[in-house]
Amino acid sequence: MIYITRREHFNAAHKLHNPNWSNEQNEEVFGKCANPNWHGHNYNLFVTVKGPVNPETGYSANLKEISTIIRKYITDKLDHKNLNLDVDFLQGMMPSTENVAIAIWQQLTPHILALGIKLHCVKLYETENNYVEYFGE
Amino acid sequence: MIYITRREHFNAAHKLHNPNWSNEQNEEVFGKCANPNWHGHNYNLFVTVKGPVNPETGYSANLKEISTIIRKYITDKLDHKNLNLDVDFLQGMMPSTENVAIAIWQQLTPHILALGIKLHCVKLYETENNYVEYFGE
Amino acid sequence: MIYITRREHFNAAHKLHNPNWSNEQNEEVFGKCANPNWHGHNYNLFVTVKGPVNPETGYSANLKEISTIIRKYITDKLDHKNLNLDVDFLQGMMPSTENVAIAIWQQLTPHILALGIKLHCVKLYETENNYVEYFGE
Amino acid sequence: MIYITRREHFNAAHKLHNPNWSNEQNEEVFGKCANPNWHGHNYNLFVTVKGPVNPETGYSANLKEISTIIRKYITDKLDHKNLNLDVDFLQGMMPSTENVAIAIWQQLTPHILALGIKLHCVKLYETENNYVEYFGE
Amino acid sequence: MIYITRREHFNAAHKLHNPNWSNEQNEEVFGKCANPNWHGHNYNLFVTVKGPVNPETGYSANLKEISTIIRKYITDKLDHKNLNLDVDFLQGMMPSTENVAIAIWQQLTPHILALGIKLHCVKLYETENNYVEYFGE
Amino acid sequence: MIYITRREHFNAAHKLHNPNWSNEQNEEVFGKCANPNWHGHNYNLFVTVKGPVNPETGYSANLKEISTIIRKYITDKLDHKNLNLDVDFLQGMMPSTENVAIAIWQQLTPHILALGIKLHCVKLYETENNYVEYFGE
């Protein structure tokens, strides 16, 4: 069993705002992240899959296929987009780094499983100082 | 004469859109950067000043003062903001990396000169693959 | 359950020296790290906490609170200090990267638990080539 | 129990080519990596060992010893070499990142065990976008 | 006048070998870089162009066009290739970092000039510790 | 004429303290950097030399020779040392980043000139946020 990781990235706008709360409560909890006119980030996404090594290829997974899946189902939908408004699989969700990472996990899972391997981790950097990791449970 | 550089950063939303153009023309020139609902970046800003070394301090400039100036006049106004909508010194301007760097230069110049040193370069990274440098002329 | 990590940093002096040993033995074991007049590092500290996502905020933890705790109890005490001489919670301890990471874990634990989440990992880089990780057991 | 990691690196040439396949099949599976005249990478190798902290030294492992072992048994044999042709412990093996990482694990294990500690992970970056991790099972 | 830089990269094999010299002389001058079976690198290429800012676009250069030129004329020809054997514009040349950077400059110049701007610098990293810069004279 | 740069590094302790001033004045000017018990940094040093390319080697300078010179005359004297106390060529000098960079320039100049090339720039990072550049005038 070996773990293999592919980095992709996307640049997106978002804000953190709970519509059930007053502006004051939003600012108190989310601070600058609640700016009504949005802000944005260069997100770095690391997707780790695991599986045995195929003796004919030396690959546990073909990273070109992994990259193609991530781009088709994730970064093409997120890159240069507004995470609150533009993304089908984030509708109605607070686009915190945590929630975006979990949503990416859910989007990727069937496509990774279809390759005969398992998704191990979605790691998402919002800045060089902040990142989350989700292992599916 | 020695050159000293301070890095600061800000996370902001923007879009590139010329209001005199059709949507098609905007998309043709600006591509994904024209997304109407914005996108964003983690900007890295490197400010270089130059001057002689003060023999009593060993400093050409006190980087705490440089940092304070950059934060007060630049990053406090740009961080977690929308570069098209929220920033006084960017009003009416296409917030391309080039224009933002030039505007930062113009904002910083009087405050750096007031320290008795000169502004040498504003270097602004939009992503790890793209950056601009402005030397004031 | 999601894992969220915050990076903070501190710049400090230290030396590795066992007072029960001769100078020769110290130099043999610790090499350049035993220099009597100290040396120093830019330490990078990554603190990982884990918990469920709060549906109202999308947060497993408020990183501003995590950052405030790390700064108050750890980096304000370590930054621009001598790890052998100046730090209350490192008294009488060999300030190896291993021991500093374990001590940081012990200092942080009650404050992280008070937020209703768990401390998962303290990762401490001494240089870009060397780091330790401590998981509390 | 604490985990400590040492980074080393090597620059090497390789190609991915299964001699039992036609050129077309090699190109279909391995793409550009099948170029007959080789290509190459700056590999970054992170070796993680684990063990208790020795109270006399504050070390779980002496990183100078770990570094010496990695250089003697691994990077001196891989650096500025051709991974398909020049390396005794890679003979007859497809030099994918997966296989190289597993082979490094096997080479390092007895030498790390001889120090009284355990090898935990071999992490090998082929590029800044691709890496594998092997934990020995 | 503003300077704008685009990073691209390529992974390639090469060796340094002067055919007019004995093997001993090649090894003495080029050391490990003379390995007959090649070695390789992840090269990072930074191309800087300069020009005035177009008031309609805020661009001094459209980085998509710059990127397309670099990929078409440079990195598509160098990536996953052997710099001694596979590249038309490097034929008969010692593929040192210096010579590769100069050759890239010569290849890029007419295509950059055709955009109405000037090529300012080709900066080529062979490793994170070594890079060259060429300014055309 | 081509510019070639070599990175080396050293880890050192220092403090900023003017013995002609009161403790209060030192703290006011130098802040945390005046801590009497020292602090320290991982310094990154980039040395740039310039010269024509030798057609027989493709080199403007042999980076192994450059590296050997930097290690012998600079980093072997600075690494794991106290910049205020332990370094012959820094005696009596405030070890600010500016002064250390200028002193490195003066130490390196005759040895680089002896290779038939010129020293162009000494760039010294104290942290990832602060660096100085000295061009010899």
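We call the chains A, B, C, D, E and F, going by the order they appear; numbering starts again at 1 in every chain.
Here is the rule we go by: contacts are C-beta pairs under 8 Å (C-beta built on N, C-alpha and C of every residue); 3 or more make two chains touch, one makes a residue touch a chain.
Predicted, not measured: the structure shown is a model, and the values here were computed from it.
*Asks:* Going by the stated contact rule, which chains contact subunit B and subunit C alike?
*Replies:* A, F
*Asks:* Please give the intersection of the contact partners of subunit D with those of subunit E.
*Replies:* Common neighbours, subunit D/subunit E: none found.
*Asks:* Give the label of the chain whose average Cα location is farthest from that of subunit A.
*Replies:* Taking each chain's C-alpha mean as its centre, the farthest from subunit A is F.
*Asks:* With chain centres taken as the means of their Cα atoms, state the distance from subunit A to subunit C in Å.
*Replies:* That pair's centroid distance is 29 Å.
*Asks:* Return the distance between the CA-based centres of subunit D and subunit F, expressed in whole Å.
*Replies:* 34
*Asks:* For subunit B versus subunit D, what separation do you get between their C-alpha means, in angstrom?
*Replies:* Going by mean C-alpha positions, subunit B sits 42 Å from subunit D.
*Asks:* If a residue has to touch 2 or more other chains to count, which residues of subunit A qualify?
*Replies:* Counting only residues that touch two or more other chains, subunit A contributes 128.
*Asks:* Go through the chains and record each pair that touches.
*Replies:* Those chain pairs satisfying the definition are A-B, A-C, A-D, B-E, B-F, C-D, C-F, D-E, E-F.
*Asks:* In their shared complex, at which residues does subunit A touch subunit C?
*Replies:* Per the stated touch rule, the residues are 16, 18, 20, 29-31, 93-99, 101-102, 128-135, 137.
*Asks:* Mind listing the subunit D positions that touch subunit E in their complex?
*Replies:* Where subunit D meets subunit E, its residues are 11-14, 32-33, 35, 37-42, 79-82, 85-86, 127-128.
*Asks:* Quick check: in the complex, which residue numbers of subunit F touch subunit E?
*Replies:* 1-8, 48, 53, 56-60, 62-64
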